[in-house]
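Here chain A shows up in two complexes: once beside chain B, once beside chain C.
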Partner chain A sequence: MRFVVRRLGFFLVTLWAAVTLNFLIPRLMPGNAAIAMMSRYKGHVNPQAMHALEIAFGVHNHQSLVSSYFTYLGNIARGHFGVSLTFFPDTVAHQVLQALPWTLALVGITTILAFLLGTLIGLVSGWRRGGALDGVLPPLFVITSAFPYFWLALLAIWLFSLKLGWFPESGGYEVTTTVGWNWTFVSDAFTHSILPALTIIVTAIGGWILTMRNNMITVLTEDYVRMARAKGLKPWRIMWTYAGRNAILPNLVGFAMSLGFVVGGAILVEFVFNYPGVGWMFLQSVENQDYALMQALFLMITVTVLLAILAADVATAILDPRTRERG
Partner chain B sequence: MKRVLVLLLAVGLTAAACGGHKSSAGKKGAVTISNEQGTTWTCGFNPFNSDVNFLSAGTVYEELTFVNGLKSGQTTNWLASSYEWGNANKTLTFTIRKGVKWTDGKPLTAADVLYTFNLIKKYPALDLNASWAVLKSVTQKGDQIVFQFKTPAVPYFYYIADQTPIVPQHVWSKIANPVTYKDSHPIGSGPFKMDRCSPQVIKYTKNGGYWQKGKPTIETIYYPAFTSNDPANQQLASGKAQWGSQFIPNIKSFYLKGNSDNHYWFPPTVNVSVFINQKDPILKDVAVRKAMAYAIDRQKVSEVGEYGYEPASNQTGIVTPTFSSWLDPTLAKQVTYSPAKAIAILKAAGYKQKNGQFYTSDGKPLSFTMINIGGYSDWVASAQLVQEQLKKIGIKVTPENLSSTTYDADNYAGKFQLSYNGNLSGGPAPYYELRQLLYSKNSAPIGQNATTNWERYENPAVDKLIDSYAGTADSAKQHEIVRKLQKVMVDDIPVIPVTEGVDWYQYNTKKLSGWVTEQNPYAQPAAYVYPDWAVVLLNLKPKA
Partner chain C sequence: MTLPSVADSVEPVGATVGSGPPEEATRRGAGADVFRAVAHNRKALVGLGLLLFFGVLAVFPGQIAPDDPRAKIYPRGLGPSVHHLFGTTAYGEDVFSQLVFGTRQSVLIALAVGGLATVIAVIVGVSAGYLGGKTDGVLSLITDVILVIPIFPLIIVIAAYERNSGFFTLVIVLGALGWSYGARQLRSQTLSLRRRDFLEAAVVRGERKRYVIVHEILPTMTSLILASFLGAALYAVLFAAGLQFIGLGDPNSQSWGTMLYWAENNEALGAGMAYWAIMPGVCVALLGAAFALLNYAFDEISSPALRLRKLERAGVDAERATAVLAVSPDPKNILEVRGLSVAYASEHGPVVAVDDVSFDLRRGEFLGIVGESACGKSTLVYAIARLLGAPLAGEITDGQVLFKGRDMVTLSDKQLRHIRWRDYSVVMQSAMNALNPVLTVAAQMRDACEAHSTMNKRQIEERSREVLRLVSIDPVHLHSYPHQLSGGMRQRAMIAMALLFTPELIIMDEPTSALDVVGQRSLMVQIKELQEQLGFAVVFVTHDMSLVRHFSDRLLVMYAAQVAELGRTAQLFRKPLHPYTDGLLEAFPSIHGPKEHLLGIPGSPPDLLRPPAGCRFAPRCPHVFARCTAERPRLLEVDGELVRCFLHDQPVVPVVEAKEGVA
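== the complex of A and B ==
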């Protein structure tokens, strides 16, 4: 119990520090939101419009840093994130909620799949070191993980959509379909997600395989594994409950971290495939000096990463009694 | 383990086989626009929000008179059936067309026009063209609307008649705050209605009761949002999108090759220039500026830096061939590429050359920084060429490739020595760009934001010339004034025009005809130019 309370305290202090940095850093950037919007429309907008924009965005509403900090804290506590300047006059909450399901579905599912697949491959190939599986899959996926994502994704588009025509080359769904819970849309969205998903898995899986396989090999030399063998236990039982359970511990924290970062989106994927999601929104908020959107997104990532780490700590404590005692 | 992977692949393939990959190109009378805006749609259509107005101005909300920027401001009556200048060009009277209906069935009247202009007066945040800086009053006389200006205001016709979309009073008068009004379901008078919108795509459908009989012949418009260039270009190349409005690298092999239905035309509209800070202690000497103007090989910058897409400019600031009728050919030939002449000018002005590099008489090197947008790869290449060319005559230039926001902030505040810049909006005649460049009221002290005169050129005689243009609707007199302004550009070198920025425009003629062509430039052809894009859409016809 003391362990959990201490972790929770640590969580709150980190959260406060992150929230404060989140407030300060965007304000150190040059320019203002009206200028940022003008530069986005390279000459398409009459320069006179800047004056109108400055009035609309309230650029000249001077409020001291301290008082705006407290307003900010108050708003966060109540879950008010304000109006986005990038998507003016829409609210930050509405925009984020529109983009988030795409990110959670694509990046969330692929992160879990990559972890599960990678850990399984690592587990089996570590167990049967030097076997056929060990000779093929780990080297293959380690190589694909080293590819720059951009390059691999463009190659996949060129081969699978432009040459073979198996998958659509971009977008979250076909422009002619209507968004909604109907079969046409869902199947269309699924088809559009295959290529982005495969490219993410192929580039992400190598890391999980490598660490799991190496952990497995170290664990297999431990005395308790030899003991289990001497007792004549079935090999699969040794593999899963003796070796696997211990080998997975270091991967668990890494997995929790990457789950936390899921809400940050996958900006490269969104760029190459023109796929909807929050990653691109993130970049936009920074480029457009959209404090409200930026803060909401940063906060979302910070909180989920911290929560994921907290969960991982607790999970490790359950799996490994030693951490509890030391804690 | 292998089995799982195989299974995954199989599921994917089946889904691909029975699922998507339908093409919107197959539907009759549909047009898909591929225009990389770097943003997803907010699904707001407020025509006074400069972030989204290009999505509703023209197609949903209409203007009083259409002004064609590619034909030196030729006008077509639109919601106004006629207009007339009076009182020494201080009064402008529009007669509002009868029989026009809003898409909710209510008639459009002069009262709606009056309401629109009073609305942007009441809320300056909506007055995107600062119309009320020159307007004195707007009044209604039956089906006529009378604009009274403070001073003669001929060039403001473009902003009042073409750039201000008219909104329905019966809808907008009920809105609590029109500045933060999203306008998700716009009611307009235009040829298209917004049908549905998601962050990824907007669908417009034909307005069956449109006042131009028999138009539009296009049934549907799909406008997908593209956050990056490559996917947008692929849609064009694959034929999924028929109308493109963006930069495509190697357009000949990527877009034209192997498809005789694909075409492009890039009409120049506004200059990309080296802005020279007139308040800089060294650059305020016209000899230095003139030497630089002679030293830049515009042709080479156009061919190498801009892939030949953007033609070379000339020092008069007149964009050719778009505005050729305004050009003074003798002035245009006056400053041409000649490094020898550039060196001679510097020597004659008392600058000393040491090891190739020029110094002022008190020993300061002619060395300047040039700000540029790091994200525009073509500008970066062009700025590098300018740097090399100026180095040849002994002037050192250090390009600074900035983020666009920092870059704009520096331009507005005048915190630069040289700036590679094509961010002016121009207008339907060369006067608009020259006024943005040279009018001292568009300038500001260093440190304060200037609207367009970022180089801070201030000359009372030039201000007078610019003011006198506003007082004449006589074409011969306007041409004479613009000729004098060209002489100012050549003599004073406030900026050095290098290449001519263009409207990006690609189109596919397989299923649609009636596109803008070089022979028939009836509107600016880029999909992001409003209200022109609606004029293009009204001219498109599905092929039988």
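== the complex of A and C ==
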């Protein structure tokens, strides 16, 4: 129980840190970017938009830094992220919620897929160490894991869309289709997601393969694996329930820890593919200097990552009886 | 001091896997070892080669590039040709020259960010791990928070306010955010080092904290620090290119990321200037791959478990002529071990950890195998059980193990599987490590039952309860996980598991050494009772002779991979023939007897890579004379016992056939 409380505490601290960074970064920048931005927009946008900016930055000329910080925290806590400049007068919150499902579907599924696939390959190549699979896949994916996501995305578009014409080159769906739960739309969205999904999987999988393989090799030296052999269990039973089951535990922690990294790459994939998700919108807001939207999206991404880590925690607790009782 | 690294490789302890050996000797030789390891690692060589290539480009761009990268003097969008290796840009610049000139920034960013992040990681990680307490709490929290905050989006947020950020901003931001992963690893390494002897020794000597950190901790973490640097460098190259690509860098800078930005803005891929967009990415990928490969390679070099070593069989076989006795086994014996040898591969050649060991075991007999650590006793019994494999990654190089008349050495894995646990089972030193931590005791009994019988679920449950009762554990604990049981109970549960099929032979590797003296005693009594009740034979490994005194029928004393003495327990205690046995007896106090001065044996066992020319015990022997250092003693029969010592070599009766090169 204490473990759960401590974990939740950690999430709250992280969330608080992200919000505070959001608040502080514009103010810490040389020349106070927030004030500079306000004066640049003054007179060019209508007063409501100005007010939106004020909320985004917590800037009220009559307030001290500390009190504007608390006003800002209060607004965030109530979900008041202000109004988007790009999509004025639409609220930031509404915009974010529109982009979110796309990202969850693309980045969420592909990240989990890459993790599962990478873990599986790592498990088998660690088990059959020095075998054919182990000789080829881990070194190959060590190299692909060093590829910039966006560059691989560019190449994929060039080869599979422009040259071969197999997949659409950008977007999340054909603009002519009606968005909704109908077959045309769903299959269309699926076709659009294949290339970005493959890009993310190919670059993200290398890390999981490597860590799982190394965990596996370490676990294989454990006494309980020798014991399983002594018991005369079938090899695949030893591989799964004795070696694999234990080797995956540190990999789950690793999964949680490197999510922040993977999501960063996925943002660029969305950008290159013009995929209507959080990452694309995030970079659009940067381009349009729509800071309210940008800050809200950054928080959104942080929250999503934290939720994924929470899921990894739950998975660890299910797979490892020791964590269930810790503390 | 003998080489500890070799002694380690004979009976390595699980805990040393994955961390550098901290002993003095290995630490001093670390530099040369790392160099040699790198030279033999293909991944490391490829990585270093790539790094060297880009290093040259970064230092001498002017000498290598044919053109000024900014000179817009050529026709626009040319394809590749002799004059323009990768064509020209949409602005009429030479792509190849831009690539060459762009190298410097990427390399510099990688080095600067890698350096900055590593310095922060070392300071934070080592302080947290070493100082502990509240400092550790705060530093770890900060590390974890920075680790899970999505860094790239955060960098974009920062860059959005500080547009066209130059080199220094980039380095500082990337460095300030990229240290957390390394810090986490360094902290846990420091934590594990803190408990090691050499550090405690330094603290006891009264060294200052800073001295301990700089002189004792940091040198042992070289590979981890290097890994932290390489990881941060890789991430810096990728993130910097990403930032420049989306237009948040300085658009006038000479870099691969900026090239990609302009290429993408001009739709280079669709407009026939593919190389403009592809080559900068190739360069980023190659530089990144160089760091990733080096990281992978150092991971292998620093953790021995990840390195695959092949035993040079020829070297071992040439040393001793094969001579397996072709005598048919005695049916009264459950086990006959004949001329068994096991060797490990090491960096300096094969190490023979079990050297020509022979003994018989009667049905229902209790045989104790005793000797100091690293004398080969565990290797011997795991070789008999055909359970060698990392970390005891030795290979049987010679000999026979006749179990119920069948030679175990020649059986295939599949054939072995059928007799394992049904006919012979194994009890290990620590049930904490030998029981699977994620399965209940019931599940671990069930899978053994399912593997060897057709019992149904109810029967399996019934049998599991039965064996638990045999070792006096309340069956309510059947569905507990190993960590929920006490140490003594775990150990008993493992013995219960070994009894599931009432096998004819149980091999026990120090099954009581994880317990306190009282627990040891009661467990020994119980094992003996079970043995008398069920009639199985026992091979019992221990370093504590007094433990088996009243339980074993015969004792086999091992020294430096060989049999030193083999005889009936009572006689061996009464009148030890080998000076080593004598020393072992004096090293342990008697529980009941009068208080005596403990003599023990000075010195340590020999390096098995280069065993002494004569008797292996000669350097430590109090009775040593000229012949001992000149000649190798054979196993002799004295009063029905076997002993390997020249002190008893008057009536020469060699029992084991003398072999070429041994005598």
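Just so it is clear, the second predicted complex is superposed on the first by the 224 of 327 C-alpha atoms of A that agree within 3 Å, B and C clash if a C-alpha of one lies under 4 Å from a C-alpha of the other, contacts with A are read in each partner's own complex, and residues count from 1 in each chain.
In the analysis below, a contact is a pair of C-beta atoms (placed from the backbone, for glycine too) under 8 Å apart; a residue touches a chain by one contact, two chains touch by 3 or more.
This one's a predicted model, so the numbers in the text were calculated from it and none came from an experiment.
Asker: Using the touch definition from the top, say if A:W208 reaches chain B (first), chain C (second), both or neither.
Answerer: Neither partner.
Asker: Go through the superposed model and pick first if A:D320 touches only chain B, second if only chain C, both, or neither.
Answerer: A:D320: touches chain C, not chain B.
Asker: With the two structures laid over each other on chain A, which partner does A:I217 touch: chain B (first), chain C (second), both, or neither?
Answerer: In the superposed model, A:I217 contacts chain C only, not chain B.
Asker: With both complexes overlaid on chain A, does A:Q289 touch chain B (first), chain C (second), both or neither?
Answerer: both
Asker: Between chain B (first) and chain C (second), which does A:L137 come into contact with in this model arrangement: first, second, both, or neither?
Answerer: first
Asker: A:T191 contacts which: chain B (first), chain C (second), both, neither?
Answerer: Touch partner of A:T191: chain B, not chain C.
Asker: State whether A:Y72 touches chain B only (first), chain C only (second), both chains, or neither.
Answerer: Neither chain B nor chain C is touched by A:Y72.
Asker: Taking the superposition as given, does A:T241 touch the first partner, chain B, the second, chain C, both, or neither?
Answerer: second
Asker: So in the superposed three-chain picture, is A:F81 touching just chain B, just chain C, both, or none of them (first/second/both/neither)?
Answerer: It touches nothing on chain B or chain C.
Asker: Same chain A residues contacting chain B and chain C, which ones?
Answerer: Dual-contact residues (chain A): 29-30, 154, 157, 162, 271, 287, 289.
Asker: Of all residues in chain B, which touch chain A in the complex?
Answerer: Contact set of chain B toward chain A: 1-2, 4-5, 12-13, 15-22, 24, 27, 32, 38-40, 42-44, 46, 49-51, 54, 124-130, 159, 163, 179-182, 196, 198-201, 203, 222, 224, 226-228, 230-232, 234-235, 238, 270, 373, 403-409, 412, 422-426, 436, 449, 451-452, 501, 528-529.
Asker: What residues on chain A touch chain B, complex-wise?
Answerer: Residues 29-32, 35-53, 55-56, 83, 86-90, 95, 98-99, 117, 120-121, 124, 133, 137, 154, 157, 162, 165-176, 178-179, 187-188, 190-192, 194, 198, 270-274, 276, 280-281, 284, 287-289 of chain A touch chain B in their complex.
Asker: Where on chain C is chain A touching in the complex?
Answerer: Its residues touching chain A are 14, 17-18, 43, 141, 144-145, 147-154, 156-162, 181, 184, 234-235, 238-239, 241-242, 245-248, 260, 264, 269-270, 274, 277-278, 280-281, 284-285, 288-289, 291-293, 296, 299, 303, 305-306, 308, 382, 385, 387, 389-391, 413, 416-422, 425-426, 428-430, 433-439, 447-448, 451-452, 481, 483-484.
Asker: What residues of chain A sit close enough to touch chain C in their complex?
Answerer: On the chain A side, the touching residues are 10, 13-14, 17-18, 21-22, 25-26, 29-30, 33, 129-130, 139, 142-143, 145-152, 154-155, 157-158, 162, 206, 210, 214, 217-218, 220-224, 226-235, 237, 241-242, 245-246, 249, 256-261, 263-265, 267-268, 271, 282-283, 286-287, 289, 291, 294-295, 297-298, 301-302, 305-306, 309, 319-322, 325.
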